Amino acid sequence: MTAVLEVDNLNAGYGVVPVLQDVNLTVAAGTITAVLGANGAGKTTLLRTITGLVRPTGGRILFSGADLRAVKVEQLVRRGIAHVPEGRGVVAELTVDENLRLGGLWRKDKADAKKATAEVYELFEPLARRRAHLGHQLSGGERQMLALGRALVARPTLLLLDEPSLGLAPKVTAQIMALLKRLRDDTGLTVLLVEQNVRGALSIADRGVVMSLGRIVMSAGADELLADDGLRHAYLGF
Amino acid sequence: MERFIFLTFDGLSRGAVYAAFALALVLIWRAARVVNFAQGAMAVVTAYAAYMVSDAVGSYLVGFLVALVGGLLLGALVERGLMRFVGHANPLNDVIVALGLVLLLTAVVGIIFGGEFRAANQPFDTSAIEVGGVPLMSRYDLFIWGTVATIVVLLALLFTRTAVGLRMRAAAFAPEVSRLLGVNVGRMLTLGWALAAVVGAVAGVLILPTELGLHPHAMDIVFASSFAAAIVGGLDSPVGAVVGGIIVGLILSYVSGYLGAALTPVAVLAVLLAVLLLRPGGIFSGVRARTV
Amino acid sequence: MLRIARRGIVVAACLALVAASSACSDEAPSSSGGGTAASVPGVTDTEILLGTHMPLTGPAAAGYSKIAPATKAYFEYVNANGGVNGRKIKYLVEDDGYNPANTQTLVRKLVLEDKVFAILNGLGTPTHTGVLDFLKTQKVPDLFVASGSRSWNQPEKYPTTFGFQPDYTVEGKIIADFVKKTYPGQVVCHMGQDDDFGRDSLAGVEQVLGADGVKEKQKYVTSNTNITPQIQAFKAAGCQVVISATIPAFTALSLGTAAKLGGFKPQWVPSSVGADYTTLSGLLGEGKVLLEGLVAPGYLPVSTDTSNPWVQLYQKVNKEYNGDAPFDNNIMFGMTVGYLTVQALLKAGKDLTREGLISAVESGGFKNAAVGPYRYSASDHSGIGGMQMGRVTAGVQAAFGPVVQTDDGAGPVQEYTEAPATPTGNGIPSA
Amino acid sequence: MTPQHTGTVLELRGIGVSFGGLVALEDVSMTAATGTVVGVIGPNGAGKTTLFNVVCGFVEPNTGDVLFEQRPLRPRPHQLAGKGIARTLQGVGLFRGLTVLENVMAGATHTARAGLVSALFGLPRSDRDERRLRDEAMTVLDGLGIADHAQAWPGTLPYAVGKRVALARALVARPRLLLLDEPAGGLGGDDVEELAALIVDLPNRSNCSVMLVEHHMDLVMKVCDQIVVLDFGRVVAAGTPAQVRDNPAVAEAYLGAEVGS
Amino acid sequence: MSTTKVRPARSPISRFVTPRPTGPRRGSTLLRHLLWVAVGAVAVYFVSYGIDPFRNYQLATVAAYLCVTAGLTMLTGLNGQLSLGHGALMACGAYTVALAQNEFSDRGVLGAWALPVSLALGVLVAALAGALIGVCAARLRGPYLAGVTLAVALVVPAFTTRFAGLFNADQGLSVYVDPAPAALGPYFPPERWQAWIAIGAAMLSLLIVANLVHSRYGRAFKAVRDDEVAAKLAGIHVARTQVLAFVVSAGCAGLGGGVLAVISQSVSPSVFGLTLSLNLLLAIVLGGLGSLFGAAWGALLLVLLPYLTTQVTRGLELSPGLANKLEGNLPLAIFGLTLIIVMLVAPGGIQDAFRALGRTVRRRF
């Protein structure tokens, strides 16, 4: 198992307020890693720092061996990293079709971008029916599908997913989790998943990482985390 | 009735230019959330460039093209060289820098070309075509309408049909997401300024022959009217800019014609209040976001 | 408390800064005027300091910004030839951008800081009106104000202020008299700027033609460049002669707009303020053919009349001392003001005082490029009283007909018969 | 630990809200007994915040009535504090241009007596009023254990302290009903424990009933006397924590079933 | 019953930030502010004796602008409402003072009380106009408010022309002002008297604004600016607070306008055009938004910057042709360039730059 992503001693913050402190994390290829923790623990900042939306104040981020700190945000998608940000990042003023086109605009291989788009419509049937609708006309579930679908148009090797279950009915959440699992199993996609729905996330994840106050306080196999009542209670609050 | 018809057509042809100029303001607002107070001064600079070239070459068309290219360059230059470096600690900083730019550009134009009015070239006959004794529109008015309509159509095509347009819209609405999707947001911002400056430059070249002529301050009043137009329509809406432009054009014409020229500023204020007190975000404002 | 303390300190610091930047503190009552020549502000054995305020920038600068440099150039010419009684004239020009707030500050700067001997040819009615009281208090000669307002002619209220050009009412009467005689029975209309310019002009016109002698009256404001509604109203009223109290830009705009409205071609008779052919043809570009047949009064020789000795003199000075700026009526105006000033200074004598200068102007009798007489006396501070009509023929503006004069009251318009003056040998007045 | 009041502090009857055709709340009825803590739970988008907004007057219900202390409430947000209702916002929601002390003093605005004239001229009346507000604010800050931060700017505070300041700003108004919107959001384990103790104590110590929206189930189960579960804008369950916990509908809607592999 | 224990701040930032003490202090706000007004007044008294009449006039102009910028920085900086129309509010004050003074003079009822009464009327009229605009403004945000207030700035000439009988259109009115009291001596320069009047007004304006800012209203202004929803929940009537800020700031503008009318002894519409309104905005932003100090810097800049740019360019020796082109334009270009550079170098304005400098110096030593 090779590491797709390695985070070494990462520090980051907003202004003078530190948010990440000495974060170390290794994500193996073809696995799903769940990042868990309370609001404000730094999970979202971790993802944003990895993709360069927040400038790290110290440490390294290696993606397939290359340091990401030197890579511009808009170049990441060309390297195979897709980030679905918090709140899903559907451009509300654009139509479903335009959102999906946006996902493949950077690609030279227009034919494959088209093919990928078609695959997304196949994968998420409800989207196909709402091609011409604007982003803000979609339901929460449809938006999540759109954001995920748009990321997949890029055919990424690493998918960073921030709270996909936010505000979704349990059934929809379950579908999305199942899809992630399938993508990992079928295409070898690597996923870094920030989730509050701990049970849902751990049920598909290979590893779980628990953050608190900007640090990683716990890192273990998903099964281990689910099984250990003490850990669960202390860090996950259930 | 004849007077009313006359004033209506007069207002419509003015409104067309206000619409184009308001469109330029809307473009920048949508791309960068800045009301570009330097729009008028920038249009003056490009108009002088167009004037110089078309005078030297003797072709209106060449001058027109110079204005287009000049606008593109100037817009990009202003964004790349200046606006990009303005701190956003407070949204007024953009306004102050734009005002500083107005002073600077006006003074430089004044130094190079002097403060005299210069006759602006016009490609067409400006005498009005009469219908039933009422002079309605001149060929030049039709040219204005045609050009403004072309701009609106081209912009619509650009934004809805092309990849660049899609990128620009995405970058304006959701810069962060766009970057994650590989869009160079900084470049889109530059392009937005450049496009807006082109539209402003065209509006400037169009309106000058109907105004006093070319002069460092030629666009001051046009800017004020067009800003009002953009606000009436809603700063986020290109359609609003066009409708707002026509509304302001008509109001100015009716008030000038029926109540006296001196009262036009009062009329503009009244229209702004009437519209904004009913719709605080302009006629074509979208749904208000949830605040809690 | 700390913040307040710091605030107090900085306020004090600000004030100290102002204090520190001040050159000196002058308790001497020099501003009250009088005294010997040695203590007269702005006058030394070698120099006379004059100041003015002009719009050099801003929307109103067009044309006007050329006046002060022309005056200055004429002074340089005089200085190069020995000056006035051995003193060279230094002319400080302040740009007020036609904003009265700036005029306020700049005129105070000229008087209080630069200590000019007199304010000369300050331009604009709204701008200059604001400094009348100040100049009166300071007893500073306020010569040859560049505007046709009647306000400058109030010797009891403002004893140091003098006008220059014929006021707008005088001009209105002269134009109306001409129109009445030349175009009898035609429908006459009036286009006026919506301020004292338009109002005074209309008053003069109606004085001659009667209130019902003007069929359609329209006004414009400089902040609204769409005057199509006004012109259409003239057309609808069937106007045949339109007298206009318009600045050049709006004269041009009126002509251009009228031409657009289905060939509406009345006889335009604009005020001299807005009738300079060079300026107008620049404004109209290819449309300058519209100026053909334009009739307007003037109080100075037309700048294009190269046979006129004054024009020749001024062109020479313009070439040598004014960077050969495009020669037009504004330069004529500026140089005539310079000439008149030198005349007045010479008349005031070697022992130059502010009171002396004022008496010198009040004693009158100046003759120079002006086609009509200067009316200066102790009881009349208005300027030139006569005008001559001019017409554009084949692209050349030329004077024709008699010089006429009148007052701004009910007095008649009558011919002025004295022969025009010519400049002395080297173009510098002698005592 | 005995409640001083009996009866209901807040009653909602058949509240319905829709935004442009989208139903946010449908026929929601519930009561909050005086001196109790009522929790509102449910998935995001279930209508919890909308429900708070109805009580606060930010959203006008299409149907139904709100009764506060048995009287109909036609709330306008800025009058709430004067009527005895205070609310905290999701996140921190502090005024970043005011110090902690000033933030809390702002919460007591409705109790100020000195008028504009005394303020304009800095009259003693205004000073007295200000000192009283300041003392009250300091007392509340002290009670929450954050008096040390009184002069700090909100932007420099640790998240947990910020949330506590927001609570202080609500408490300084001496509300009889306190609406807490995700008070535990972003707090660590210890902080949540302390918060729980605080909330439980409010009805006794401050005569203040509490209604809270929260995801943190431990907290909800620990502090609430009654729990209302919302899903898709409807009440799907209501009762004591124990009753709610055992309700299968709640587990399905909110707690989330595991994904079968 | 478990009590909460005090927890140490986890983040180390608080060590680096020394918050300025705010909120009420012991002692009387009025006395404290009066003390500083007195200090200022005494300082100015001596300064006004130390400088020549023209500096005194400049000082008077700075003070007149300071009346306005103090109110405007409160409105824009502390309450977050943008106004491009304060020039028009100044015009309200100026014309009221002009009409009142001339009326008093015509009736021969002038006395020491006349000027304060006229100025008070000016403040009243401007405050009423401000209330009207404020009620509209309370519904508007950002550029929409800017647009409406910009339109307000442009209506002044329209009114003076429409009611030319009262306001005398473009030409404006001259303002009768009593000369300095005879007790000050025959050679007492009128400019020094004007400076005293203007400084008195500026001190009053600063006093009132400072009092207000340090009261619960000042707190409400900032609360509304920072978070309207939270402000409502804190019991603050948002719209009323915004209108109040507008009214007080308009009153200050009216006072400033009135003082300007008095020191220049004239009023005309083009003084109060859009340029003035924009200049006022420049002043408060360049000075440092939201601080009374910044307002003072701004007022100083408004007077000194044009003066200095003209002085600097005057020294150049140029050929007549070039001089004709540069005259007037060069100072404007320098002015524009200065604005841009200051905004790029010190985006928080002068006051902020000084504060940062002070912090650095304190940390060093």
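The chains carry the letters A, B, C, D and E, assigned in the order they are written, with residues numbered from 1 in each.
Here is the rule we use: a residue touches a chain if its C-beta (ideal position, glycine included) is under 8 Å from a C-beta of that chain, and two chains touch if they have at least 3 such contacts.
Just so it is clear, the model here is predicted, and its values are computed rather than measured.
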Starting at chain D, how many touch steps does it take at minimum to reach chain E?
-> 1
Compare the CA centroid of chain B with every other chain's and tell me the farthest one.
-> D
Which chain is most remote from chain E in terms of Cα centres?
-> A
A student comparing A-B to B-C should find more C-beta pairs in contact for B-C
Could you grab the centroid distance between chain B and chain E? Build each centroid from C-alpha atoms only and quote it in angstrom.
-> 32
If you average the Cα atoms of chain B and of chain D to get two centres, how far apart are those centres in Å?
-> 49
Centroid distance [mean C-alpha coordinates] between chain E and chain A, Å | 52
Of all residues in chain A, the ones touching two or more other chains = 16-17, 213
Residue numbers in chain C touching 2 or more other chains?
-> 56-57, 61, 65, 194, 221, 223
Provide the list of chain D residues touching at least two other chains, using ranges where the numbers run on.
-> 56, 58, 89, 156
The answer for chain B against chain E in the complex is residues 29, 35, 82, 85-87, 89-93, 95-97, 99-108, 110-112, 114, 224, 227-228, 230-231, 235, 262-266, 268-269, 272-273, 276-277, 280-282, 291-292
Chain E - residues contacting chain B, complex | 76, 82, 136, 139-144, 146-148, 150-152, 154-155, 157-159, 161-162, 228-229, 274, 278, 281-282, 285-286, 289, 325-326, 328-330, 332-333, 335-340, 343-344, 347-348
Complex interface listing, chain C residues touching chain E = 1-4, 7-8, 10-12, 14-19, 21-27, 29, 31-32, 56-57, 61, 65-66, 69, 72-73, 76, 93-95, 97-102, 104-105, 108-109, 112-113, 125-126, 129-134, 137, 149, 151, 194-196, 199, 221, 223, 321-325
Given the complex, residues on chain E that touch chain C span 20-21, 25, 32-33, 36, 39-40, 43-44, 47, 49-55, 57-59, 61-62, 154, 157-158, 161, 164, 169-172, 174, 186-187, 189-191, 260, 264-266, 268-271, 273, 275-276, 292-293, 296-297, 300, 303, 306-307, 310, 319-324, 327-329, 331-332
Seen from chain B, its contact residues with chain C in the complex are 2-3, 6-7, 10, 14, 106-107, 110, 114-121, 126-128, 130, 135, 138, 210-213, 215-217, 220-221, 252-253, 256-257, 260-262, 264-265
